[in-house]
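Chain nomenclature is as follows: A, B, C and D, assigned in order of appearance, with residue numbering initiated at 1 for each chain independently.
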């Protein structure tokens, strides 16, 4: 078994309104950050994972995202996997 | 003015308990992802930013993190900045 | 990292970092007959802290009346318990979470709610309601708005998720709380009167369990180890995070377990976690307890006994089971997916003994820790006598009225409570918005009434009278909905007790509260003291908060604060007609600071009013009753008119000063809205109970509220009142820069 | 008939639903723990409100993996009435028994208040005792109640008249004011408001009664035809 560090990012599809991002954008502008454009807020998930090899780890993370970590009705995701000690 | 794409990751300091991550870990294991270790859930923020140059952009994002995007009492953050079209 | 040796602790006075004074340390040495090691010194430090030992307030708290035929459990347990008849009882308590909320408002408030919840279900009571009493600085300040928004979100975040309705409370704003917000949470639960569970570690040899969350390094005080150069220190946080989901499971599992009769004693691990729960449970049983720390489930590696004992990780319970009933408990906890660990035994040698890695790492007589904790008779300063004040009349009565309506202390609080689930459990008869909340007792035609009150301004001006008013007002709110006030809990939020002036406020406020409790027959059954509410040497206004609980027999007798059908109803002023502005919010606005004495109070008359309010409800002699409080009669009438969506005309008695009559906050008063054909019945009741009652006006179809005086008249459009009252808080909050962090 | 009210870890309106059903219909009701994998003995199934698994990650995201959800799907397939209230609605969308998703309220706050709903159809086992177009009062209590669906899905919902309830005044930013929807077979209803909190006079409304009565009438009719 190898140990992997996994980082998953989940965010709303562009077609879905993101009120949090909207509110934060407003806050930033009112604080004087005039250059701030659209803000979108998603989730950032960190995890350790034990798996046979990199491929198995990738398969599992893909599966987790599909099933649990993201809801495909409104969200998309991306992930990065790094082997421990490498 | 240059255009930048900014990605900010915000997560709980390691000593802060993350009930959400804890519950998601339990769910992953019971779904058969036996290899899943500790899970921590944070925020992932995407933003566009107009700034003079890279340095100005960095300064502003740092400032945003301190003031709005993260709660320094419990959270830490990291960010990446990419210039548009580069 | 190496722990300091006993000798180093003494020589380098390291005990000071653990919260012990030089004298207290010497006392520890004397009690032990040797030098305490690091764990032991830490344990003494937390248990002898103000928070756990009440060392400054104890001598004064003894003056509270705590008994009565209705009292089944007075102070000293996890919560007080009062009989409500038909075999049922209510357990309730209030607790402060001021300091944690100032650091991290969302989690501070959430964990405050979680903690008080556990205090209630450990009594064997099913929690039925939360109330929250909040104090902040003025909302013109961005940090204050952030604190306010986050505290409210945190209370809702925890309460909504555990499925207990938040049915009442208060919020006030004053500069005195700018650096030091107050977050007091109250929980009420219901139980069979003969099934009270206590926090006692009884029965030698009985096993002791830790249930719920794992122990982490949350909230450990030890600044001792923290060296500034330590890079990990930055990553450390003293903030405790609540897990309402786990809290809910823990509540259900514990209630189920308690129902099996297997539980000997149970206690929440609140402040000072494992230390206070084990020592207090042993102390109540007059015995000892032995813990094997290797068996405590931990969340982090390398935790020391010191850290395990002082951790304040949330959602943990200490449970003593009857020997042989372990399997019953395990099967319940397993079903809820909860972790449970056998960590020790009840002993009879009176010692708190901790084992770790095969060695005894601490051995302390329980008596020394709990019963013999220091008690201080701190110096009490001279009494302050209220200064008479001259309070100017307003240039424009209508304008002054509207200013009061839009003052955030008075204005509509629905911005707050619509973020709370006020109806979950489907037993809420009256939620927020009424004088008191009413929550039905399942399967009985009976409801529990509850209200919280307290006014720092009154107590600052006259601590004794102010303290009494807090009790009177809470009980009056309970009586206003038709219920019989039974008992109170309280939270005493004061400044630095090392200052004689603050001790004087505390001592006098307690005297006033005690007197009111006696007059109104509402003994104190539980409570909490929060001292050192100060910032840069500036103490907060003394702010005792009272939570009163009462019972209403017969749901049909419930009395709303606003009538359903209002047109044509007569408005009757119950209680004394007054025009003194002492201590009023109007006076504070007019003079720029609180002035004069606290408002008028007559406890005997107050008692008669409460009796009358219950009779009015029982005999349906009114359609609605609303108590007169901050902002005076003008605000009370306007609130009824707005609620009813209906104008009113009122005539003041001859010879009164208009501003005084409108805005006086004299106590012991209420307004009743009465059907014309019930008017005589109501006046008869008032006469019989010797309460002044005057028909002062009526609801009309007109779109304004109008008050006429002998030589003056004031008329305010309902629309203006509504705008001032309803928009005040939302418009102050708006879409705020830092507020939005609350949304992340 | 016999009702099942499913209890997930973190459900908190389970007993409320049970009480309401008993009060309104007098029928027997069982609280069924989420690890049950067979609901064939029940005639109607309620997924109650609350915070299953703390609503961590997304409301309903973890609960939908409970064994009982497979059993619910099976009984739904057989045509039995299934009603998901609040968190129950969220679980139904997460598990795909209903289309769309429920997102955090547009104003980002939890909201608990009485709302007015327009009954859009009485062609369902849940709404047969209402009149289409009728306005009823039922409270809401949720932080994630903003209904979202892609345009094609919305079009289909409208075409098939599967929007059961709309808010008269939208409290959360739901698309098309949607408060409750039906599946294509019309035997699964998800709705954010809480009818079990509107069944007796002191609750401030009794308009929720007819939902439970409708289900009862529907099932009893089926039973007597069988």
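The rule we apply is simple: a residue touches a chain if its C-beta (ideal position, glycine included) is under 8 Å from a C-beta of that chain, and two chains touch if they have at least 3 such contacts.
All figures in this text were calculated on a predicted structure; none of them were measured in a lab.
In terms of C-beta pairs in contact, C-D outnumbers the other of C-D and B-C. Each chain gets a centre from the mean of its Cα atoms; the one farthest from the centre of chain C is A. Chain A and chain C have Cα centroids lying 41 Å from one another. Averaged C-alpha coordinates give centres for chain B and chain D that are 36 Å from one another.
For chain D, the set of residues that touch two or more other chains comprises 53-54, 56-57, 62, 65, 108. Under the contact definition stated at the top, the residues of chain C that touch 2 or more other chains are 243, 245-246, 337, 737-738, 740-741, 743-744. Among all residues of chain B, those that touch two or more other chains are 10, 19, 23-24, 27, 31, 41, 43, 67-69.
Remark: chain D residues 53-54, 56-57, 62, 65 touch chain B in the complex. Within the complex, the chain B residues that touch chain C are 10, 13-19, 22-23, 26, 43, 67-69, 71, 73-74, 76.
Interface residues of chain C facing chain D in the complex, by the touch rule stated above, are 153, 156-157, 160-163, 243-246, 248-249, 335-337, 417-426, 428-429, 440, 442, 555, 558, 743.
Only residues 103-104, 107, 213, 216-218, 235-237, 239-243, 245-246, 299-300, 313-314, 337, 737-738, 740-741, 744 of chain C touch chain B when the two sit together in their complex. Those residues of chain A lying in contact with chain B across their complex are 1, 3, 7, 9-11, 21, 24-25, 27-28, 31, 33-51, 57, 60, 63-64, 67-69.
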